[in-house]
Amino acid sequence: MKKTLISGALIAGATLFSALSPALAASGAIKIVLPEEADLLEPCMATRSNIGRIIMENVSETLTELDVRGKKGVMPRLAEKWEQNADGSWRFHLRQGVKFSDGTVFDAKDVKHSFDRVMSDKITCEAKRYFGGMTITTNVVDDNTIDIKTQPVQPILPLLMSLVTIVPESTPMQFVREPVGTGPYKLTNWTPGQQIVLETREDYWGKKPSVTKATYLFRADPSVRAAMVQTGEADLSPSISQLDATNPKTDFSYLDSETVYLRIDHNIAPLNDVRVRKALNLAIDRQAFLGTLVPEGAVLATAIVPPTTLGWNPDVKQFPHDVAAAKKLLAEAKAAGVPVETPITIIARTANFPNVTEIMEAIQAQLQEAGFKVELKFVEVAEHETYYSKPFKEGRGPQLVAAMHDNSKGDPSFSMFFKYASKGTQSGFSDPKVDDLIQRASAAVGDERARLWSQLIAYLHDDVVADVLLFHMVGFARVSEKLDFKPTIATNSMLQLSEIGIR
Amino acid sequence: MLSFIRKRSVASLISLVGLIVMVFFLSRMTGDPASLFLPVEASAEMKQQFRELHGLNDPLLVQFGRYVGDVVTGDLGESYRKARPALDVVTEAFTWTLWLALITMSLVTSAAIVVGSLAAFRSGGFFDRIASMLSLIGASVPDFWLAIVAIVLFSVNLAWLPTSGTGSVLHWILPIGVLFVRPFGIIVQVVRGSMISALSSAYVKTARAKGVRSGPIIFIHALRNAMLPVITVIGDQAASLLNGAVVVETIFGFPGVGKLMIDSILQRDFNVVLAAILVTALAIFLMNLLIDLCYALLDPRIRH
Amino acid sequence: MAEHLLDVRNLSVEFYTASGVVKAVRNISYHLDRGETLAILGESGSGKSVSSAAIMNLIDMPPGRITSGEIFLDGEDLLTMRPDERREVNGKRIAMIFQDPLSHLNPVYTVGWQIREAMTTHGLPKDAADAQAIRLLGRVGIPDPQAAMDKYPHQFSGGQRQRVMIAMALALRPDLLIADEPTTALDVTVQADVLALLKELQREIGMGVLIITHDLGVVAEIADRVVVMEKGALVESGTVREVYKNPKHPYTRRLIAAAPGKGVMHEGETQGEVLLSVRDVCKNYGAFQALKGVSFDLMAGQTLAIVGESGSGKSTLARVLLRLDEPDSGQAIWKGRDLFQLSPREIYRLRRDLQMVFQDPTQSLNPRMTVFQLVSEAWVIHPDILPRAKWRERVAELLQQVGLSPDHMRRYPHQFSGGQRQRIAIARALALEPRLIICDEAVSALDVSVQAQVIELLDKLRRQTGISFIFIAHDLPVVRDFADQVMVMQKGRIVELGGVRQIFEAPREPYTQALLAASLDPDPDVQAAHRARRA
Amino acid sequence: MSLSSTETDPALREEPSLGVRMGRMLLADKFALVAALFLVVMVILALVGPAWLGEEAVRQNLRGRNLAPFDWSRGWIWCMGADALGRPLFARIIVATQNTLMVAAGAVVLSAAIGTFLGLMAGFSSPRISQIIMRLADVIMSFPSLLIAVIVLYLLGSSIVNLMVVLSITRIPVYLRTTRAEVLEIRERMFVQAARVMGASSNRILFRHILPIVFPTLTTLATLDFAYVMLAESALSFLGIGIQPPDITWGLMISQGRQYLTNAWWLSFWPGLAIILTTLSLNLLSNWLRIALDPVQRWRLEMKEPANG
């Protein structure tokens, strides 16, 4: 890879002046084909993947940025540096000389306004969900300094700041369709249903990217997306089907931060019995899926967050495939009076992820082999939501909800509360120890934080047997040979054009 | 004629109102747009706030009253997801669909009439057998299957045509080609059947007694008489195209109203669904009116 | 041997049908010269139209096939010509007019267009053809020919349509005109005019005319010679007088004997009990007044014939009396009650007394029901008439009464001939044991020989059972041997009402006289006398 | 009337019973004959398929996924290859026959029954009721079928029966309009007048006299609709709101095999072929039926000697 990079630079360099200066790499326009059109280009909705992939850090920037390529953690973006004040609030020192694409100068009042907008009840910004249960006060110290105070104290506020896009103060308290930001690109054309075009800005504060113009196209069908890159109608498709990823020169797999699992509803017998939950885990032959229905590069999951996340616990080992042990546990449970004969329903969403039907059918077969009575039910997105989130229906039977969870933010706090705390909307159980660990970990910093998350992950997996964790999925991207780009775990939610090189 | 149009308009208006009422209430029984607009992790307060903002917390009848009030003033509401007037979203998409339907139906109609007529002229003959067989197969091939095979063949392997999207004339060829197949198969069958009976009618005998050649007998004497049932079927087929060629639009990334409709239905973007239905229903009504005018144009007995 | 204009020699034609190959025409020969009129006389199924279809190349092959023979036109064999040569003959040298001009004219083109096409097809320039078409329309007696050019067939009356057909056929002054039942669907007065026109034009152009008909009257009126066909074979030929006065073949004799209007007339007594008393019945369809105050009495056991041409209101009267249509005003007293005031429940009971036999038995019998079902349906609807166990017996009885075999019970209508079907319809009407049967053109669609039989049957039933009849017809001779009273109608009014003898022997009203004069007599001598009187 | 008297009637012997005639006419049309045989086989498979191959059809084998067809070494059941879970396609197609035909036949019968009934009403009753029914038809016609699908499947849950309901609702107007048009024409016919003169009730006229005449047209329409319904069901599966696993239909199999179109064409090819062949057979049969029931055209099938061409 490195070799091709250099030779690419060589060729590009030869056509220009110098073979050595990276600043003189080729530049030009590219086309990117995405599965789903952005229905809005609202900065405060940029945490939604179909919007974020286009505008996040391209048009709208954030104060901080998470390094997903290296291990540098939270890095400065619009904030140059930050520190925690004595009262627990955070002070951000803003970059100077930054201009919005409408020409106005970026300062602390814009940050305040951006925050107000996110938290406003006049619009429903998605970014607000990361600040659930917090009260936030922003205090403009001077043009380039702002204090942000949260109640309770938020140790990972700098990380959270990578989710809040900054808009100019003049932005109205309603959804906008033409985002104004400080990023390297500005929106120059949006023909709904057809294309979105971003072009570089002359007055961008940072390094000039090599991609001068990016045209986004939208095709729902994965094989069409793959074909488009192959025929040259597009240069990059961040997600194609595993089946189409046959050309090693252009097709790359990448861990895409999506974790597939079966959420267990602990409230209903027989799933309230830990032996049954263990048996479920033991009955599934996860390894058999790899390279067949699930791509080779996928990782067997032991936690709901991917391995790149803080506090991920390498000591937790996934359940082996052991039908005999599963049967034995079931027999024990049955002997103890647990109604293991009750049919369990797996509820899955159609087209949730590639091969979802086949994978669920295979899991159903494997569970049946271990002696479970399992039914399978596929529903569309709206109906799936009613099974997945609280309030759960009264009088329901035992259910396993197949779902996919995405956390590319590097910290488990974006997942753990929702999925496992007693009050979490997708939590299938209530355990005081889990609640306590989540609360303490969320408030902790540094190694302590990592330790507590690790502890929680192990406890959930080994003792509670909270759910049936399956895979950390991989995605496939097709990148035209003229581009220098390698997808990362964040590619699903963010696609920084400035990271794309042209050969 | 004018009173006929007026009568039809009133009848259609009644249907339209019925349609809107049904769609309004039925669609609102199928789930909550808030939980689809917001991520699963969103708090109950956020969902509540979303519903509040869009008036979804009010009783259904109040919501309906407000909707009717808005519609009367020409406001079809705003798309929840796109933060744009629903009508704009729909008309944008509908323009594409309209062109697609128009071009496809013109091609289908002319091709089907020629093939169907020739098949009817020598019914039971070699051409008839081949044409019938091919049109039947065409009518029973799943369109998404055809679409993907066409892309693989014409775009990837032969590189003659772009895979999908819009932009040039070439972009239209594959979607139209795929949409062409099924209505063609059906209309050929109808033309053939209708022409067989027209060709065995008494006035064709008269024409033959006059020494008129086969060409004019088929395409002048018989065809115009045979067109009435054909037009009905053309109308039905065009209506289903106007309602959106969902599958083809999805695969070819064609920004038509079918894709918009299915997306809005799945996302419970009610205002867009209602606007889309309103616009397509209106279009279908106009088309039916046009078809009735065509009847009158073709058949003087209806005119008088 | 001098060459004839048309010479058909040993022609045989077959058709493939459900029950195998039917030899439609077997080895027939005839010829025709310029200026001459030859009639082919035959009843339905005789094959009389097949040879003309062969001449015009109108036989669909398959199912048809010409198995042998030659057809010479001026010495050239039409059957061995190349298709394009053959097409040149049609319309230019041979032209044809048909029985039903409405269906034979293309409904969606103007008549001007259609007449013009007959000429432009054979190379005439468009404007010349137009001028000629207007002249022709004028010649055949269409008022305002210029405006008529832009009208569509449905905008003309039946007689005018046939005139248009004639204009179209004669556009290129053909050598031979084939007329297939040209006047069958027309009113009698119109029929006479059209035949007169044909004759006139024949003289003018000098063409040979081949007329195909089932009507001896038409033959007597127009033809010089006649050939008689039965079941595909030519059984007799000769001059019209010869054949009429001295028929050799038994079939010809039967045909001549069956011609209506030669039996004994009823005396037309007017005494007796009044069964139905109709007073001032009016009926409008929109602006059109179908009935303008009709009043008459019907005696029990008698037959009232209502005669009128199309548009006279005779069928409307029948429908109103049966409450299939509601009258606008008037009374019809039946057993002391006004028919028009009866409730639906009472109408249901009335149906038992008042029955109807329709014009076309092919259409009035449900094609998907067996004869047994058709006849016994009456008892399904009126269950109190007869217990189910006796249905079979009674159906058999009724079938015998109308001259059918009880074995026919399990057959479907299409397996019967037209006359047999009308007998089934009569049996069905009788099943309810009615007191009055209204026959709406009940014999018009039947062959002459069959007409006579059906009328005979009705008369027999009347004598045996005392049922009264209202017998509707468009032609006077048909009712002559059957009616007691005759009522002549025109444009919704009664023109004349009287005993049958009075109407036929001493008609008072000019319209009645005109109707009688227009009726064609099968005797060529009588008909010649008629013609002389008209001229 | 005794049977023997029937046999002695010569005219009756000339015209054999309807069944025999239909049989003969079927033999005369080779295409229709093959089509009829194919459909009979399909119906038999639909009846016995699940019992016969039900187990084989669900036995998974992840190691043998997407096995290519015509590999005879593994046994006849693998002749069409295997799907993405290594299940034999041959067995799955046969097992899916039942659901497929049930959904299609159910939807067609349901829509035909309701549509015909409403059409009879609209054609025969008062203008007011007729207007109401026709407006209802308009509403259904402009109601996007996908929305109906989502509403019904959301409110009633996804099942084969509900899918039948969805597909049939969308097809009702076709039958309704056709029936009404025919009724308007037939009610003016003489034999209907004749029945009225006899005092027959409206119900009797409608169901005993008019319906049997409309029936052949409806049969033709229904056969053609069969194909439409199968494809519509497939399209619904493609959009994720149709039949869902573990139930299987041909339509679902095609839509599942779609993504393998370039690597393993057989996944969607065989079920596609099954749909095409069934449709084709139905069409051929309905063309034949139309001719067989039409006295004007019937000679084509009853010719003793075959004509040229």
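Note that the chains are named A, B, C and D in the order they appear, and that numbering of residues resets to 1 at the start of each chain.
We adopt the following convention: a contact is a pair of C-beta atoms (placed from the backbone, for glycine too) under 8 Å apart; a residue touches a chain by one contact, two chains touch by 3 or more.
The shown structure was predicted, so the numbers you read here are calculated from the model rather than taken from an experiment.
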Third chains touching both chain B and chain A: D
Pair exhibiting more inter-chain C-beta contacts, B-C or A-D: B-C
Distance from the mean Cα position of chain D to that of chain A, given in whole angstrom: 47
Centre-of-Cα separation between chain D and chain B, whole angstrom: 23
Centre-of-Cα separation between chain D and chain C, whole angstrom: 45
Two or more partner chains touched - positions in chain B: 30-31, 148, 152, 200, 250, 266
In chain D, residues with contacts to at least two other chains: 150, 154, 261-262, 300
Chain C residues counted as touching two or more neighbouring chains: none
Pairs of chains found to touch, sorted by chain label: A-B, A-D, B-C, B-D, C-D
Contact set on chain D toward chain C in their complex: 1, 5-6, 8-9, 11-12, 14-15, 189-191, 193-201, 204, 209, 212-213, 295, 298-300, 302-305, 307
Parts of chain D lying in touch with chain A, wherever the complex brings them together: 58, 60, 62-63, 65, 84-85, 150, 153-154, 158, 240-241, 244-246, 256, 259-263
Residues of chain A that touch chain B when the two form their complex: 39-40, 42, 47-48, 121-124, 126, 128-129, 132-133, 174-177, 192-194, 217-221, 223-224, 227-228, 230-231, 233, 380-383, 385-386, 388-389, 414, 418, 425-426
Chain D partner contacts - residues on chain B that touch it in the complex: 11-12, 14-16, 18-19, 22-23, 26-27, 29-31, 122, 124-126, 132-133, 136-137, 139-145, 148-149, 152, 182, 186, 189, 193, 200, 236, 239, 243-244, 246-247, 250, 261-262, 265-266, 273, 276-277, 280-281, 284-285
Residues of chain C that touch chain B when the two form their complex: 56-58, 60, 87-92, 95-96, 98, 100, 103-109, 117-118, 121-122, 152, 154-155, 165, 168
